[in-house]
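Two complexes come next, and they have one chain in common, chain A, joined by chain B in the first and chain C in the second.
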Partner chain A sequence: MIAKPYALFKKDFSSELRTRYAINSLAMFIIVAISVILFSIGNETITESLTGGLFWVVIFFTAMSGLSRAFVSEEERGTALTLQLIAAPSTVFSGKLLFNVILVFCMNTIIALLYSALFERFIVQNFPLFLVTFLLGNIGLAAASTIIAAIIAKAGAKGTLYPVLSFPILLPLILTCVQLTLFSFDGTRFEEAKFELAIVAGYDVIMLTASYMLFDFIWKD
Partner chain B sequence: MSNYSIRSQSLSKSFGRRLIFKDINFEWKDKGIFGISGPNGSGKSTLVKIIAGLIAPSSGKIIHNNSDEEIIAEKLHNHIGFVSPYLVLYEEFSAWENLNIFAKIRAVTFDEKRILFYLQQFLLDARKHDLVKTYSSGMKQRLKFIFALMHSPDVLILDEPTSNLDEEGKKVVYDIINEEGKDRIVIIASNETKDLELCNETLLLEKFKI
Partner chain C sequence: MIWKIFLFLLITFVSIAGIAFPIVEKPTEWYQFPFIPGLEENAKIIFFHVPTAWLTVVAFLTSTVFSFKYLRKKNLDDDAKAYAAAQLGIIFCILATVTGAVWAKFAWGSFWSWDPRQTSIFALLLIYGALFALRSSIESEDKRATLSAVYSLIAFVTVPFFIFVMPRIMKGLHPGSADDTNAGPVVDFKMNSSMQLIFFLSLIGFTIFYFWMWRVGYKSLILKDKLDKQLIRG
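For the complex of A and B:
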């Protein structure tokens, strides 16, 4: 059951290593965004809540700059038809989702490491809570980005449409993740963050289920 | 012998207000070479895409049966081999890598002997490890035939099969079509007289405009 999506993921991974469609734009965006924030802060110390907010702002815009590639590159190169001829829609979505989940995890781990090294107020007191937030947030981000990428891949103005369409869909996830990140900075106990965690977990389940149900209609003309 | 059949029931397709064709009915069974012909813009490519399950008709339907059992849309790609000029293979990989990747995604065995046989037949053996982006358009077209044949499909759909091919390439393709037509359904969409001469039966699309 997992063999076909895994084969598609491996194809995308090898293709990415050779073409560097997404990696270059993601790396450049992370470096530029964090540099601009650091330059604008200067010698001032920013609050914990601002640090947490800026952390997820960088994550959101970095995702916007690279995650659409999963489908856009297939459409732009004309290989979407080839994919339709070799795999069922569910296989294509699972393979692309797997690729985006791993890409999001790698990218966000780098952002988190850079933040902890460069921002003095990025101090996590409840590490398990931060880890669960990071995990659930990344899955939600990857699931929403993948289905939106599939939708916009067939449209004309892909570059503009992607963040415009993603913003309202990702807003509940990003806001809740910002709150949970602040909780982890404060050292809030797990039990007290249950409600926010349930929202993020529910978001992930709804997004994954809706994506699998919708993808068939999006994928075929 | 194949027990495969393709039945079209009152098939129509429009793009917006523009009618491409309407009320197409046919049934192709078991084996043979079937042609689809018509002037430019008559909907040959559209019809083969509908038959392959790549696009949906505006009304009517296409039913694929294997041994009297209807094939569901989710699994149709396993039964189809498709060649067309607008099909694009992954240019950042070699021919060998492309075929290996397709076998893995389809979860079928990568039969090296069979692939080597086809690579030799289509005169691509010497260049099998070169990236596809270095191939000429004719070589890419020949590679698409291997892509279409490698999983032994029940139906071979060929949209303009000889486009971009030289005389040697065309001869290989005609031999393959004749050979495959003995065991399975081969559908050719073309305007080329030579291509259509191979067909046992031809559907003229201009008849389905009104």
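For the complex of A and C:
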């Protein structure tokens, strides 16, 4: 159950370590995106709500620039057919999802660290709430972008199409996460943020279920 | 034929009644509409704006149902039906956005204020746009049908978040929002019976109109497909 997706994950991981394509380009993308924001702000102090919003803007665009690799690289190298022969669709999806979840966690941790270092108003009052939001948001982001990446790869790897297709799907997640991030800045207690947390958790569950059920149709030609 | 005449009469009646019937403080005659606080004279847009928004959702629903059917049976006719519904859906979505924005200008003072309902209709517009972008990027017929069906199903599972959840967590101005005090659930008790009658007649009329257009749309798509195939063979 776990062993086969893990094997696929290890394959992706070692091929990533060999080329370091995703890691390098994502790291550079994060630096570029944050410096563009810092340049445009200049010497002004921006408000908390703007900081929280910009945090998720950078997360969204970084995800859009890097997460499609999971499936697009298989199509580019022509290994998708082999993968189809040796592994069940659910295994392939689990493996790719695991890889993307870990990638999203790494890149978002870096973004959060950079934000707390570079932005004055990025002060989290309620850290547990921020952590839970961060965890649930990352899982939802990874789930939705993995299934869209699979669609994109089959559609002929159109780079510009990826954010176009992902944005409406991710919109409820991002809006709620921005709200929750602001709550954690304000120091809102858990009980008051219960409804928003339930929305994000529900989104994760629904997106994971739908992706697992629909992946078969995408993967089988 | 007879139902087309019926539909024509119905929509003509609804248009005339919706625009011409007066709004008064205390209705005495059957053709007078009551005064709804917070909506006032703007209340009349309800007969045209709500049906377009309703049809946007109906079109999305039909598109999803036939996408699901396509994935199960792999019949390209189902894909044509889903595509025709999406084509109509984007037209009604644009109409709902525009009529809503015009209404917002007079009721709230600006064309666009990121009210939860405006956000959701905007997201629906983006979903439709993304669906057409995806369709136009794929050459192969079967692949295009499968991928767009999968995408519309994934988009469909996010719709409950927009319709039921967003209006409850975001502050809104639209009737029916979480902190709405005066305009309240308009349909339930603020309308009198004649207003309700015309409202539901308008909904029925527009829905019949939609299904007629949809039938014409998918039949022409299927015919076009057949002719293309004949041309290739001959």
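Definition applied: the second predicted complex is superposed on the first by the 219 of 221 C-alpha atoms of A that agree within 3 Å, B and C clash if a C-alpha of one lies under 4 Å from a C-alpha of the other, contacts with A are read in each partner's own complex, and residues count from 1 in each chain.
As a convention for this text, a residue touches a chain if its C-beta (ideal position, glycine included) is under 8 Å from a C-beta of that chain, and two chains touch if they have at least 3 such contacts.
Quantities reported herein were computed from a predicted structural model and do not represent experimental measurements.
Looking at the shared chain after the overlay, A:79 reaches chain B, while chain C stays out of its contact range.
Contact with neither chain B nor chain C is seen for A:51 once the two complexes are overlaid on the shared chain. Look at A:154: by the touch rule set out above, it reaches chain C but stays clear of chain B.
In the superposition on chain A, A:15 makes contact with chain B only, while chain C stays out of contact range. Touch criterion met: A:164 reaches chain C, while chain B stays clear of it. When the two structures are aligned on the shared chain, A:146 is found in touch with neither chain B nor chain C. Put simply, chain A uses residues 221 to touch chain B in one complex and chain C in the other.
Of all residues in chain A, only 144, 147-148, 151, 154-156, 158, 161, 164-165, 167-169, 171-172, 175-176, 179, 195-196, 199, 203, 206-207, 210-211, 214, 217-218, 221 touch chain C in the complex they form.
By the touch criterion given at the top, residues 3-4, 7-8, 10-11, 14-15, 18-19, 77-79, 81-82, 84-91, 95, 220-221 of chain A touch chain B in their complex. Within the complex, the chain B residues that touch chain A are 52-56, 74-75, 77, 80, 82, 86-93, 97, 101-102, 104-107, 147. Of all residues in chain C, only 71, 119, 123-124, 126-127, 129-130, 133-134, 137-138, 143, 146-147, 149-151, 153-155, 157-158, 161-162, 165-166, 168-170 touch chain A in the complex they form.
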